[in-house]
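Each structure below appears as structure tokens.
Two complexes are shown next, each including chain A; its partner changes from chain B in the first to chain C in the second.
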Partner chain A sequence: MGRFSRIGLWLSGAIVLVVVLLGVVAPFIPYEPADAVSYDRVLEVPSVSHVLGTDEQGRDIAMRLVKGTEAFFLPGLMAAGIAVLVGALAGAVAGYATGPVRAVIVGALQLLDTLPRLVFIILVCTIRNPSVTLIAFVAGVLFIPTVAAVIRRKVEALGSEDYILAHIAHGFHSVWVILYHILWLQCWPIMVRQAAYVFGYVLFVETGLSYLGDYGVQEPDPSWGNMVAQVRSLPPDAPWPWLVPAAAIVLTISGFLAFGNLAARRGEEAIR
Partner chain B sequence: MNRLLGLVLLAGRRLAGGLLLLVGASFLIYFTIRSAPGDAIDAITPMGTPPEVKEKLAADFGLDQPPLAGYVTWLGRSATGDFGESLVFAPGEQVMTIARPAFKLTLLVSGGALLLCLFLATALAVVLGEPSPRQQLLTGALYFVTAAPAFVAAIFFSQGMNAFVRRFVEDAGYDTPPWYPIPIYSESVMPYFFAGIVLVAGDGLFMDMLNTVRAEILAVRNAQFIAAIRAKGASTLPHTFRNLVVPFVSAFAARLPVVLGGVVIVEYVFTLDGAGYLLLEASKQRDFPVVVGLSVLFTLAIIVMNLLADVVRAAVDPREVARNG
Partner chain C sequence: MTATPEPMLQVSDLVIEFDTSAGRRRVVDGVSFSVQQGEVLGILGESGSGKTLSTLAVLGLVPGRPGVVGGRIDLVLDDRREALLADLPTVVSTPNRGPVRKDDRRWNRLVQRRWRPLWGRVMTAVFQNPRQSLDPLMTIGAQLDESVRLAEPTLGRLEVRGRSLDWLARVKLHEPARVHASYAHELSGGMCQRAMIAIALARQPRLLIADEPTTGLDTTVRQEIVELFQELLAAERRAMMYISHDIREVLFLAREIIVMRHGRIVEVVAAEDLKAGRGRRHPYTATLLAAADLPVGEVAS
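Here is the complex of A and B:
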């Protein structure tokens, strides 16, 4: 691992740490969106009392940024959990099993993989009461094939390795060998990478739909997406109310993706 | 002759597989509809829909029958391209009539964006050559910039473009272009072009493409047969090119779903008349037949693209036929 990768790992790790801390702390900060409105301090530039300035309704942008993490943090974790856990199991079975079991699982995975993700999420939102939790659940399920595909490749590659065959020859149960020796010991870097990716996707969908305004988080509740949506009515000389959340979205997504990639690479080097 | 037969057989098998996938995907879509809470027909129609419209809709979608029978009814109608009539967006209009032109535009924009992305990634990969530690600053910065979701990239782009036009065209006293200020509806093709640029720059597409393309180019360039061709004094370019077609087609096909997802919101940001805009508008107005019709069309586009990619790969590379035959 080169010097730049190591720096990248630390930087992206710091971003992930900050977002996780905010996500954990945010629900405990009291915030009443209606009380935050104050029309005598509209569109103020950043100052000591309002670190990132105020928006069109005089609400503190920094506060809304912090509270906005609530919108995607737990849903993102849930989606990542569903995609990685179910995907890893499905991938392991698809890579190890033979006959009809394998055919059924491979077929089901391929089926899920053909659905266009965002379009399907919008379809579900049209039919059911749209909430970020539902969106994240659907996103998690739609990512199962992506995770399963990489895990499957790994399991197929490892399945014929001598030490795995030796474990089975020694009488270890193959379920244990798959779960512990292959998934837990060998595949965790893959799972970290995929989990970070799914989390980033949920952040993208949540902010995207909240930006559009019909699904996702509705005003006055804060989301980075509906904060960016103020771009539609802001005067050109006051860009910070949308610039700050937009930068936060880019930083967080690239931070999570980079952390997932670099941490996984480091893990893979350590395993080898 | 033998090769052609193998190719035809492979195409036939892929087609059958694609049809099966389409049936399965439409099954998932149909049962998502059926799973609507309460009375499905009330859940999917806007408030105040007249009862006779509801009845017709229920008959169209087979909601008045048991799930499986309803699915067969709906599938039979959809297979002929009949997705019913629009309720709100363009009342009484056939879904296919409004969806077809919109979908063409969306495919044009996404396909164009993907081609542009592939071209730029290839150019950069050739320029960069072998990876070296010094390039990591560049690729790291690119990685960071292109990770932005396409809709955020679109907002940055449109705001930047507006500021640029304001400063150098409007304030300088020239006529402003018809597409200015950007989220305005115009007949101009520029917004489509902008959408293409944004799709290339967003959603991590470019770096993903660059990494894939670069690995493939390096793998071919360092292959032994290329060294042998060079040793014989022949040009390596045609051989390199032909060996790159297969991975490039795969890279193109595999990323179409990503672009088709990104294009939905990007079209909305630029107010383009595409299928993504139509989908979101219809969904907002609870125009259910349009949403379902478009969902099927998007899925169909992905399946057809994968099918085409398989056939092109097999036509270019005989090993593909041997491997799958």
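Here is the complex of A and C:
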């Protein structure tokens, strides 16, 4: 692993760490969106009392940025969890099982894979009561085939390795051999990469829909997406109320993607 | 000669076929042999003679399709006879024309039912390519511990580790503690094979199947491994099938030897007779003996 990759791993790791910390801490910070409004400090520039300034309703931007992580943090984890856990198991079955079990799993995966993600998420939002949890659940399910495909290739490649055969001959249960020796020891880098990707995707969809307004987080509840949406009514000489959350979105998504990729690459190098 | 006791393993008329791009090919054609309790059966033959597949069939681990399509495999454990391939007729069907068909699902179920309880506990294998037979991402110790724990689930952590270190010492690995903490790629091929033997024997199987365990090792190391097998078997009265293309190794270990070629057994002979050059030899066996600079004796025409 080259020097740039290592620096990238540390930088993106720092971003991931900060976002995770904020996501964990945010729910415990008391915040009442309605009380935060104060029309005597509208659009203040960053200062000591308001580190990132205030928006057009006089609300502290730093505070809304921190509370905004609540909108995507747990949903993002949930989606990543669904996609990686279910995807890995489905991929393992598709790669190892035979007969009708395999046929059913492969068919279901192919069916899921044909659905266009963003369109399908919006479609579900129009049918059901839209919420970020619902969006994340659907996103997680839609990523199952992607995860399953990479895991399946790995399981198929390793399934005929001598040491897998040797473990079976020594009396280890094949389910254990696959779950531990293949999925856990060999596939964790793949799973880290995919989990980071799905998390980034949920952040992207949540902020995107919150920006558009109909299906995401609604004002006055904070989301990085609806914070950016203020750009529509802001005067041009006060860019920070939208610039700060926009930068946060870009940094977080690229940070997660880079971290997933670089950590996985590092893991794969260690495995080989 | 006294009456032979009932063998612990009896294979009769074993047939293995594979589908290839050039149609169905029969790779093992009516092979029969038996292994006596506590004795070593040597299987000699070149690559492609079907010797490895015959032993994988005993393990129920023949890869590819359709695999085992005929024969009987009987196992006698504590005077209880177990027919491993008893259900084969329900799995394999013979259509009026064309090759026999095999129901993969039923076969898998048969393997799960008959063989799964035997793997490790009753029979297990040491394969060629010791390094590839070990999980590259686990230390030798972790794998040996797994094996010990599977054999004796009631042991505590420290006892398991102690048992593992004992096994490493018994397969004559110096510095057992260092090997215990090493990965396969950090050890030599010979050391990996010793570790592999320890892992297999830690399961305490009645029958050990060694499939060309010395292939790819240095000549001196090969001799050591063969001697190790002899020592470990003599101490435990374990039965073994020793597969090799090296006639000297087989002569050293086995009491009875079968010689295979093109999927058939060409000769069954006692190691004593082979060593002494007694009796008439099949021409192929004679070639093998001559190639190893051993007395050939009389050759059957």
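Note that in this section the second predicted complex is superposed on the first by the 272 of 272 C-alpha atoms of A that agree within 3 Å, B and C clash if a C-alpha of one lies under 4 Å from a C-alpha of the other, contacts with A are read in each partner's own complex, and residues count from 1 in each chain.
Basically, a contact is a pair of C-beta atoms (placed from the backbone, for glycine too) under 8 Å apart; a residue touches a chain by one contact, two chains touch by 3 or more.
Keep in mind that what you see is a predicted model, and the values were worked out from it rather than measured.
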item: Clash or fit (per the criteria above) of chain B with chain C on chain A; value: fit
item: Chain B versus chain C as contact partner of A:Ala136, first or second or both or neither; value: neither
item: First, second, both or neither for A:Ile82, with chain B first and chain C second; value: neither
item: Contacts of A:Ala166 with chain B and chain C, given as first, second, both or neither; value: second
item: Which superposed partner A:Val93 touches (first chain B, second chain C, both, neither); value: neither
item: First, second, both or neither for A:Val198, with chain B first and chain C second; value: neither
item: Touching partner for A:Ile271 - first (chain B), second (chain C), both, neither; value: second
item: Chain B versus chain C, judged by how many residues of chain A each one touches; value: B
item: Overlay on chain A, chain C to chain B nearest C-alpha distance, Å; value: 13
item: Shared chain A contacts, counted only where both chain B and chain C touch the same residue; value: none
item: Touching residues (chain side chain A, partner chain C) in the complex; value: 98-99, 160-163, 165-172, 181, 185-186, 271
item: Footprint of chain A on chain B - complex, ascending; value: 21, 24-25, 28-29, 32-33, 35-37, 43-44, 133, 136-137, 140, 143-144, 147-149, 151-152, 155-156, 159, 162-163, 166, 183, 203-204, 257, 260-262, 264-265, 268, 279-280, 283-284, 286, 288, 291-292, 294-295, 298-299, 302-303, 306
item: Contacting residues of chain C [partner chain A, same complex]; value: 59, 61, 63, 104-105, 108, 119-121, 124-125, 127, 129, 132-138, 146-147, 150, 196, 199-200, 203
item: Sites on chain A touched by chain B in the complex; value: 2-5, 8, 107, 110-112, 114-120, 122-129, 200, 204, 207-208, 211-212, 214, 228, 231-232, 236, 239, 242, 246, 249-250, 253-254, 257-258
